[in-house]
Each structure stands twice: as structure tokens, then as C-alpha cells.
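Look for chain A in each of the two complexes below; its partner is chain B in the first and chain C in the second.
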Partner chain A sequence: MVSARMADSKTWKTCVSAMVNLIDEAAFKFTPEGIKMKAMDPSHVALLDFELPASAFEEYKVNQPTTLGIGLTEMNKILARAKAEDELTLELDEEKNRLTLTFRGVSTRRLSLPLIDVSEAELPEPKLQFTATVDVVAGVIQDGLKDAEIVGDNVKFELSEDGFTLSAESDKGTSELKLRKGDQALLKLSVKQPARVMFNIKYLSDMAKAAGPSDIITINLGTDLPIQLDFQVAEGKGRLRFLLAPRIEAE
Partner chain B sequence: MGVQLGDIVPKQKVGLEQLRGQIIAIDAMNSLYQFLSIIRQRDGEFLKDSKGRITSHLSGLFYRTANLIEAGIKPVYVFDGEPPKLKLRTVEQRRAVRKEAAEEWAAALKEGRVKEAKKFAQRAGRVNERMINQAQTLLGHMGLPWVQAPGEGEAQAAHLVRQRDAWAAASQDFDSLLFGAQILVRNLAITGRRKLPGKDVYIEVSPEMIELQAFLRELGITQEQLVDIGILIGTDYNAGIKGIGPKKALELVKEHGSIKQIAKTELGEKFEIDPLEVREIFLKPNITGKYKLEWGDPDPEGIKEFLCTEHDFSESRVQTGIDRLLKEQREREQVSLEKWLG
Partner chain C sequence: MSTNVKWLRDIIASEQVGELAAFREIKVARVPSSSLCLLCKGGRMLCGKLRCPIVAKAQSLAKSSLQITSPRIQGSTPPGVFVGRIGYPKVYIGPMVPPYRGDTEILDTPELWLGKSIQDIIDYRFALIRGTARASVYDAQSGGKLIDVLQELAMGKRPVDAEALLTRVPNRVITLSGETQPFGPSAPLKSFKASDVSVDRRVERAFYDRDLKAGDAVVGLYEDDVLVTRIQRAFSLGMFGFQKRRKLVPTRWSITAVDSILSLELIDQMKQHDTIDEYRVYSFEHLDNRFVAILMPERWSFEWIEAWFPGTTWNPDERTTAPAMMGDFEPYRGRTTYPDVGGCYYACRLAVAERLNQERRQASALVLREIHPGYILPVGVWNVRESIRQMIQLEPQKFDNFQAALRHAQTKLTIPLRKWIKTSELLKRALFQKKITEFAA
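Take a look at the complex of A and B:
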């Protein structure tokens, strides 16, 4: 059996709304320890790695590992109907091969969606040696990305011992966001080697939607390496990780 | 010049955009020569700075290379070193042609025959040591690598391609194929509208690509046999046999197997130079493994100082060229994550 109850709908709503921008369908693995999901977007530019342990739930009942193939667009539509403070229960209806979502607030509402066949191919673990890492308040990054979006399609991340810069440049103009060491929004900074790397803004903005403005994002970088963005889920019990391949000079 | 394979080579037209992201080893001497002969004033006179120094080669190198970079191509210019001894005769002949053309040009100009003057002027073009040094200085300012060949530039360019350090060799000559470059791109530096020499007719020139393996397969011959065909027709190192063109040469090589066998027939007497010696130049070329291909950032100030201050180029036009170099720098390529997934 698969049944999981959370005190509110907010966590699940936010996570799914960030996932749906990158992938259409996903194989969620429910095990007695918790839920995991890992998938790449169709162009293989971005990877999504989601983990939510049993301890993040009020009640969590999974007696044997079960993989549920879910159409994210459909689930996102259903979750949009939930109020953030509604209690949420996810349940597998084995007989009908459906996932049922129950919102309990002023009333009890129940919606379900059919499960789909999704390939369960195991994705290999990425081999990455990041040289710089920083913890930043999400709202600041979201602002920097919105600034950069006015200017162009790409944004440059620079991380050094002095701080963090997010900038864009095109025929349309320039944008720059700077956080210096000691600034309030820059919480932790560790740089073995300064990193300079460029990314597509569209992907990053979609990813950044996984955070509320005051949440903390952990960013790992290396020159011409993918960026790794970690968002805390359910007060840090779980995490949503994004990897995005950079734009690099053609070889 | 080079070997005149023209007729039997299957060419494939390509757009510059299809070459995006590729490293191309360009025959520098061949390009500079092209620039000197194409880029002229109306009366056929070279472009010159206020001190009367020729700048046609610099203009060509800067603007045409900027075009390539804007198209996302990564050019590496390969410069000639010492020519093989056998080439001396060809070099002498070319010198004679140019000398004669220079005299005719002067005469035509004097007599006011502008059209003819231009024709002779184009033949009189000559790349000298100073031009080569200037070209290398300019490439340095543009942040582009260049390679000094110990021998023939085309042999070294072909070596870069065989080593997979470059994707293709670029030259107007077919010699790169004889040197074993898997891919040859022609018309790379002269793409666009081009006036036919001696006529008031313009044609649209676009790059063409020749794949060595496909070419050999189509003809049903080996790399060595291709070299043999070249020797029969004539190369920069031997005169070839009178009356033998590409088609006849192909027939002969297929019939006899190799130049060694052909040399044993009555045709053998017609070689002025030992064909096996010419063969060696192509099959065991004088090349070096010592080269480094590094792309740096263009230096706009250095470019302006060199072209505008020193050689009186128009500042606004040069700036447009610089913008093109920098634009490509911003346009980076989205890669996939696969590279990092074990």
C-alpha cells in the first residue's frame, strides 16, 4: 500500500510546480524510507533530483517499494486546486491504477488521476568537482534573474572570495547583481577556485520557482561546469536538487 | 596553384552555419594570396596606408576572419615554412609570372588601360615576409592561434586534421587531400559575391566541402593512388606528363596500380623528376607535432592601434569588425548534461 499525509499542501504544490516546467512525466519511487524522483528534461540539459523522507510526513505508510508514473501537468493542475494550508494525502488506488489526492480544509475534496507507464531507467550519478559554493537568499537570485531576463537569454554566474555576481549582457543592454562577502543575503561562501560560468536564464527561472523568496538556495559552481541548485524541502528534511548544463564556448 | 584535380572531385556545397563550432586549419599563405589578389582599389591598385604600405592582406585577414568567427567557426591559420627543394622551380616560375604581370600592369596604367591594368595587377600579387609578420601580429591581437609549419602549410594543416585537433583544412588548392586531410573546405575566406577575373560578371561563391574517404570510395582508389594521380597531372613539385588530365590519370592509376608500375611503362621516360621522390613529399610530409591551439579574448585596443593608428584603417569599420569578434564570445553553446553523467 501507498499512503502519505502531509500537514499542508504547500510543499508538494511548490515542488511539482517547479518540476512541471522541466519535465512532463516522472517516476516517483515510494519506498518505506521515503519518496525519490530523478529525471532529465527531454533535451538533457537539466536534471532534477527530488528526495522527501518518511519523516517529513504526518503519516507515511509504504510497505514495499512502489514506482508510480505520474503526468506532472495533470498533477500540477490538481494541486493548483488545493489551498496552501489544506492537509494533503496521497494514496494509491491499486485496483483502478490511480493516484488519489485528498485536500482536507473547510471541506474534504478528493481528486484522482490515472497512473502512466514511465521508464524507470536508473540515471547515472553525475561526476562533478565543484570549486565554489554559496548559500543565498532565494529572493535575491530571483530578482537577479528577472533583471537579466530583460537584457538577454543568458546569465553569467561569478563566484570568488569577494562575493557573488550575476550578470547579463547583450545588444539590449546589461544587468548586474552583486553580493559582497558580509552582505545579509549571502550566508555561506566557500571558494577553492573562483568560478565563471554561463547559463540559460529560462531554465534557471523555472528552477528558481521551487523556492519562496525567503528560502535559502545552496549553489555549487565550477568554471564551465553545470550549476547545482539545492532547495530545502519541508524545513530541510527533504531536498529538491537541480543540475543545469552550462553554455560553453564551442569546441 | 597546387594540383589541378578539379574535374574528378565530388564537391558538396555547405553554408557557413553548417560549419558552426568547428575548428578549421586554414592555409595562411593561400588566404593572404587570395586577399592580395581580390582586395583592390578600382584601378587594380592595392589598398595602401598613408605611408604607401600595402594593406590589402590585413583588410582581408581582419574582416573575413571576423565573418568566420561571427559564424561560430574557430579558425587556425597555418603558415608555410621551408618549401621542399623540388618546389623551387615552381616558385621561380611563379616569380617570373608575377614579374611579367607587374611590368604589364605598370605599362597598362601608364597608357590608361584601367581594365587591363586591374587584370595584370591581380596576377602581380605577392606575399612577402613583412606581410606574414603583420598577419601574425594581427591574429595575436584577435586572440587567434596560428601554427608555423616546418615545411608546407597544407601538410601541417592536414596533420592537424588527422590528429583531430582540427575538423577540416581550408585552402583553394586540393593538395590538402593528397596530404591526407579527411575534410577539405574550399572558398572559406572568399565566401560571398565575387567578381570573375577579367569580366564584369559577379558570382555567388559559397564554401564547398570535400570528404577524402567519400572521394576515394567514389573513385575506387587509395590515398597513395590519389597522390599518384596528382603526380601524373602535375603538382607544385613536378611538371606532370603533358596531355594527362585528371580523368586519364585516374584510368592509368587504376590500370597499373601505382606510379611505380607506370614508371616502368613507356610513360616512365616522360617524368622529369623521380615520381617516387614527389610521392614521399605527400606521404611522409615534413610536419611538426609541436603546436598549441589556444583561443584568447580579442584585444580591441591592440587591434585599433595596429589597424587604425599604424595603418590608417577606418575606425568605425574596424569597430564593426571588433563587435563581430566579441559578439561570438557572448554566444556560447548550450551543452547537454551527458558529458558529466558517468
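Take a look at the complex of A and C:
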């Protein structure tokens, strides 16, 4: 049996709406310990790693590990019907091979969607030696990305002992966002070796949707390495992690 | 803006002039640079084209117009109909009838035009005399005497004898906007008669199904092997969709709408299939257009780039030396805005998606088009659709790495790769965007 109840719908809504920008379908693994999901986007540029432990739920009943293949576009549509404060229950209807979502608020509403076969391709497990890490307020990153989007398709991340820079440059102009050590929005900075690396803005802004403006994002960087973005889910009990491969322009 | 040019005698071969005594005056609407063309009069090739488009059009106009001395046009319509876009939602509509009988299907069937010369195509288009009448696009629902006949014609599967009575002998306006494909002479329609139309049952079924969505009708007919041209023809007369939502659609818009609807459906199906196993390069030349497609073994994405050489319609300024390049791109998830390059984007996307689906494969497709000066007139987006369809049926060159594929593609192109890379999002991605898999231990 699979049944998981959350005090509100907001957490699940936000996570799914960030996932749906990168992947079409997902295999959620429900185990007695919690829910896990890992997937790569169609072009293998981004990897998504999601974990939500049983403790994040009001009630969590999973007897044996069960993998549920879900069309994210469909689930996202259903979740759009939920109010943020509605209590949410996810339940497997084994007989009909469906996942039922129950929203309990003013009324009790129930929507279900068919489960699908999701091929569980073997996913890479990159071992990355990051050299710099920083905790930043999400709203600041979201702003910086929006600035950069005006200028071009790619954005450069730079981390050094002095702080953090996000910049873009093209024929259309330049954009720059700077956070210095000590700035309020820059919470934790640890740099073994400065890092400079470029990424596609579109992917980053899709990922950044996983955070509310005041949430904290943990960024890990290394020159010419993928970027790792960690978002806290359910007050830090769970985690949504993105890896995005860099753009390296040879001369 | 229109300019009167009284120099046709100067630009048509002297042996023809005698026959053309009637044509002292030809109206030229919207010449790209009228002063340049006036100075040149089609004789000095100041615009840099190998043949003067005005001459080509004028000659062809002359050929078919010679047979037209009366406002009564009797002939076999291919069947052909048109819906204009000027004045939308009040537009000009009408039948297209050539001044002769016989198997005229080719005149309005671009699927049959590949391999024909620009002159041939101009001849086809100019043989079709248009009788024009005003209509509201909403008349598609209520019908009416003319609309009913035109809708019947649009369902026809072979040429139909018809008679268009015009209010006067058709005028000799040459529309030179460059965007429009050649269109024949026209005059207001007084009355129109057509003999019995032998209708295509497949189209007829969709027409009478007033609960079938237009998009589903289009896809259904395509799957039943109805020619894209025929689907577009019926689509433009507002013959598909829910009864209350039917509208006439200007011919030009309907071409792109159908290309877009069909390719979306095909892309959807294609995404179920595995990716191709190698890099492929296709190439093809048609009417001094050079097409090159590079297919990459990746999930679906698509890019179409055009390069107009100096002296071609869209790059008329002979002072420039660089081709004008423009392109649009869509990632796996598709796009939500209309591409800057226009309808040819969808025409090409349809041809590519169609082929990959037949093969039950998907790929990332980059299609490049170099337009050289021999392409004296844009003849319509069908040129792109049919050229790409033809090209991608040919055996491609296959490569196991991207660099080799690029090197081969370069041999088929005049413009250096670095310029294509600068314009192309897909090339940039392929060359510069790393993948997560490259970092796995």
C-alpha cells in the first residue's frame, strides 16, 4: 500500500512545477523511508535528484518499495487545482493502476491520473570535486537570471573569497550581479579555489522556480564542472537537487 | 505604393513586342526599390539578379494574357480557390480559372512542381485568372452561393470545367512584394459556374462532421494520404472544425497553419521512437537554393536557418557583401512564439518530422538553406517543403562523430562554418554545451 498525507499542498506543488520544466515523466520510488526520484532531462544536460523522507509527512504508509511512473505534465495540471493550504494525500489505487490525489480544504476533492511505464534508464553518478560553495537567497539569483536573460542565452558564475558574481555578455549588452562577503543575501561562503563557469540561462531559471524568493539555495561550483543547486524542501527535511552541465566555448 | 512603368517594350525580346502591342502599361506594385528598378528597366541587372523578376513575370503574364480578351474566362479549374488576407476579416475570395480546358491540376498543386523552372512555376501561377468577391471570414459557417461552390471545388479531386464572368478583362497588375508567390491577373467576379465536381470523399466526410476539431480533421486527412495542398485548400475555405467556429482563412495563413498542425502531431508521435544511431548529412539543390540538413543522434530539436545572398530578393542591397542570415530554433519541448523567419520554418519542420516518423526514429535536426542569386523570385513555402521532402529521401552521408559530419556539410555550403555557428543555437549546443554523462566516472 502507498499512502502519504501532507499538511499542505504547497510543497508538492512547488517541487512538481520545477520538475515539469525539465522532464516529462518521472519514476517516483516510494519506500518505507520516504520518496525518491532521479531523472535526466531529454538532452542529458541536467540531472534532477529529489528526496522527501517519511518524516516530512503527517502520515506516511508504504509497506514495500513501489515505483510509480507519473506523467508530470498531467500531475502538474491536477496540482494546479489545489489551493496551497489544502491538505494533500497521495494514494495508490492498485486495482485501477492510478495515483489518486486528494485535496482537503473547504471541501474534499479527489483527482486521479493513470500510472505509466517509465523506463528507468541507468543514470550517471557524477563524482564532482567542487571547489567553492555558497548559500544565497533565491530571490537574488532569480533576479540576476532575469537580468541576464535580457542580454543573452548564457550566464557566467564566479565564486571567489570576495564573493559571488553572476554575469552575462553578448552583442546585446552586458549584465552583472554582485554579492560581496558580508552582504545579507550571501549567507555562507567557502572557497577552496575560485571557480568560473558558464551555464545556459533557460535551464537555470527553470530550476530556480523550485524556490520561493526568500528560500535559500546552496550552490556548488568548480571551474568547468557542472553546477549543483540544492533547494530545501519541507523545512529542510527533504531536498531537490539539480546538476547542470556547463557550456564551454572553445575559441 | 504603385508605380506605372511604361517600358515593357524595352524589356521584352523584340520578336515578342509585336504580339504585345496591347501591353503598353504594366502596373508594378511595391517594388523593393523602385528607383533602382526604373533605372534598370530589367536591362542592366542593377539589382544583381541573373534575370529580372519583372521581366520573368511580365513575359509570363504576356503569354497567358494573350488568350484573354474577354471578361468571360472558360477553362478547367485545377480546382483552385483563393482567400486573400487584405482587409481581414472582410477578405477577397474567389475561384482561379485558367483560360483553357484540360488537365490543369499542376497549376495549383505544388507537390508536382519540384524540378520545374521558375519560369514554369510563374507560368502556372499566371495562367490562373482570379475572379474576386468580398466575403466576411464568418461566411464560412452560413455559406452562400459563391462560398458553397468554392467549398465544393475545394473538395474536388480532379479539374472541373468552369466559367468565370468578370466585370472586365482582367487587369495586368504585377504584385512584386516578394513575399507572395506569383499570383495571376484578377478582376471582380460577376458570376461563376462550375460543372459537377467529383469530390474527394475523405475531405467531404470531414466537411460534414461539424463536431470534429479542425486540427483533428487536418491530421486525419493527412493520415488518409490526402495531399497537403488539398488539406490547405479546404482549410482556407473554413471547411473544418466545430460548426460555430468555422472561418475562412487567408490562403497564406492556411498553408502555415496546416504545416504547423501536422508537424506538431508528427513530432508528438516521433518522440516515442529511439534516436538515430549516427550523424547524417543530407544535401540538395533546387532553383539555386542549396539545402543542407545535419541530423544528430539526440532527442528531437529543430533549427532552420536561411542565408540570403546579396542580390536575392531579401537582400537586394548590392552594396552588402555578406549573406543575410536568419534562423529559428526549438528545443525538445517545442516553441510558443511565431518564428522570425516565417512560414518556411513550419514547412521544413513538417518535411523533417514526416521522414523521421516514417523511419520510426527521432533526431535533432538542423536544416540550412543558402539562397543564391539564381533564385530570382520567392516562389512560395512549398519550395522548402518539397525540396526538404525530396532531400531527406536521398541516402545521407553517415558519420560516427560530429566533427566529421560538420566537415562534410561544409563542402556543400558556401558560407563558412564559423558563420553558421554564430547564428545556430543547435550548433552552439552541440559544440559547447556539455552533458552530465560526460562527468560520470
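Basically, the second predicted complex is superposed on the first by the 246 of 251 C-alpha atoms of A that agree within 3 Å, B and C clash if a C-alpha of one lies under 4 Å from a C-alpha of the other, contacts with A are read in each partner's own complex, and residues count from 1 in each chain.
Basically, a residue touches a chain if its C-beta (ideal position, glycine included) is under 8 Å from a C-beta of that chain, and two chains touch if they have at least 3 such contacts.
Quick caveat: nothing in here was measured; it's all calculated off a predicted structure.
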Notebook entry, point to check: chain B versus chain C on the shared chain A, clash or fit?
Noted result: clash
Check: In the superposed arrangement, does A:246 touch chain B (first), chain C (second), both or neither?
Finding: both
Next item on the list: Go through the superposed model and pick first if A:48 touches only chain B, second if only chain C, both, or neither.
Entry: neither
Check: Regarding the shared-chain residue A:126, is it in contact with chain B (first), chain C (second), both, or neither?
Finding: both
Next item on the list: Examine A:15 and indicate which partner it touches, taking first as chain B and second as chain C; both and neither are also allowed.
Entry: neither
Next item on the list: Figure out whether A:200 sits in contact with chain B (first) or chain C (second), or with both, or with neither.
Entry: both
Notebook entry, point to check: After lining up the shared chain so the two structures overlap, which partner does A:225 touch, if you call chain B first and chain C second: first, second, both or neither?
Noted result: both
Next item on the list: Tell me which partner A:145 touches in the superposition: chain B (first), chain C (second), both or neither.
Entry: neither
Note to self: On the A-aligned overlay, A:169 touches which partner chain: chain B = first, chain C = second, or both, or neither?
What the structure shows: first
Checklist line | Footprint overlap on chain A, comparing chain B with chain C | finding: 40, 43-47, 124-128, 200, 225-226, 243, 245-250
Note to self: Applying the document's contact rule, which stretches of chain B touch chain A when the two form their complex?
What the structure shows: 20-21, 23, 72, 74, 295, 329-330, 332-342
Notebook entry, point to check: For the complex, which residues does chain A have touching chain C?
Noted result: 40, 42-47, 124-128, 153, 200, 202, 225-226, 243, 245-250
Check: Given the complex with chain A, which residues does chain C contribute to the contact?
Finding: 298-301, 331-332, 425, 428-429, 431-441
Margin query: Could you list, by residue number, the parts of chain A that touch chain B in their complex?
Written below: 40, 43-47, 123-128, 154, 169-170, 198, 200, 225-226, 243, 245-251
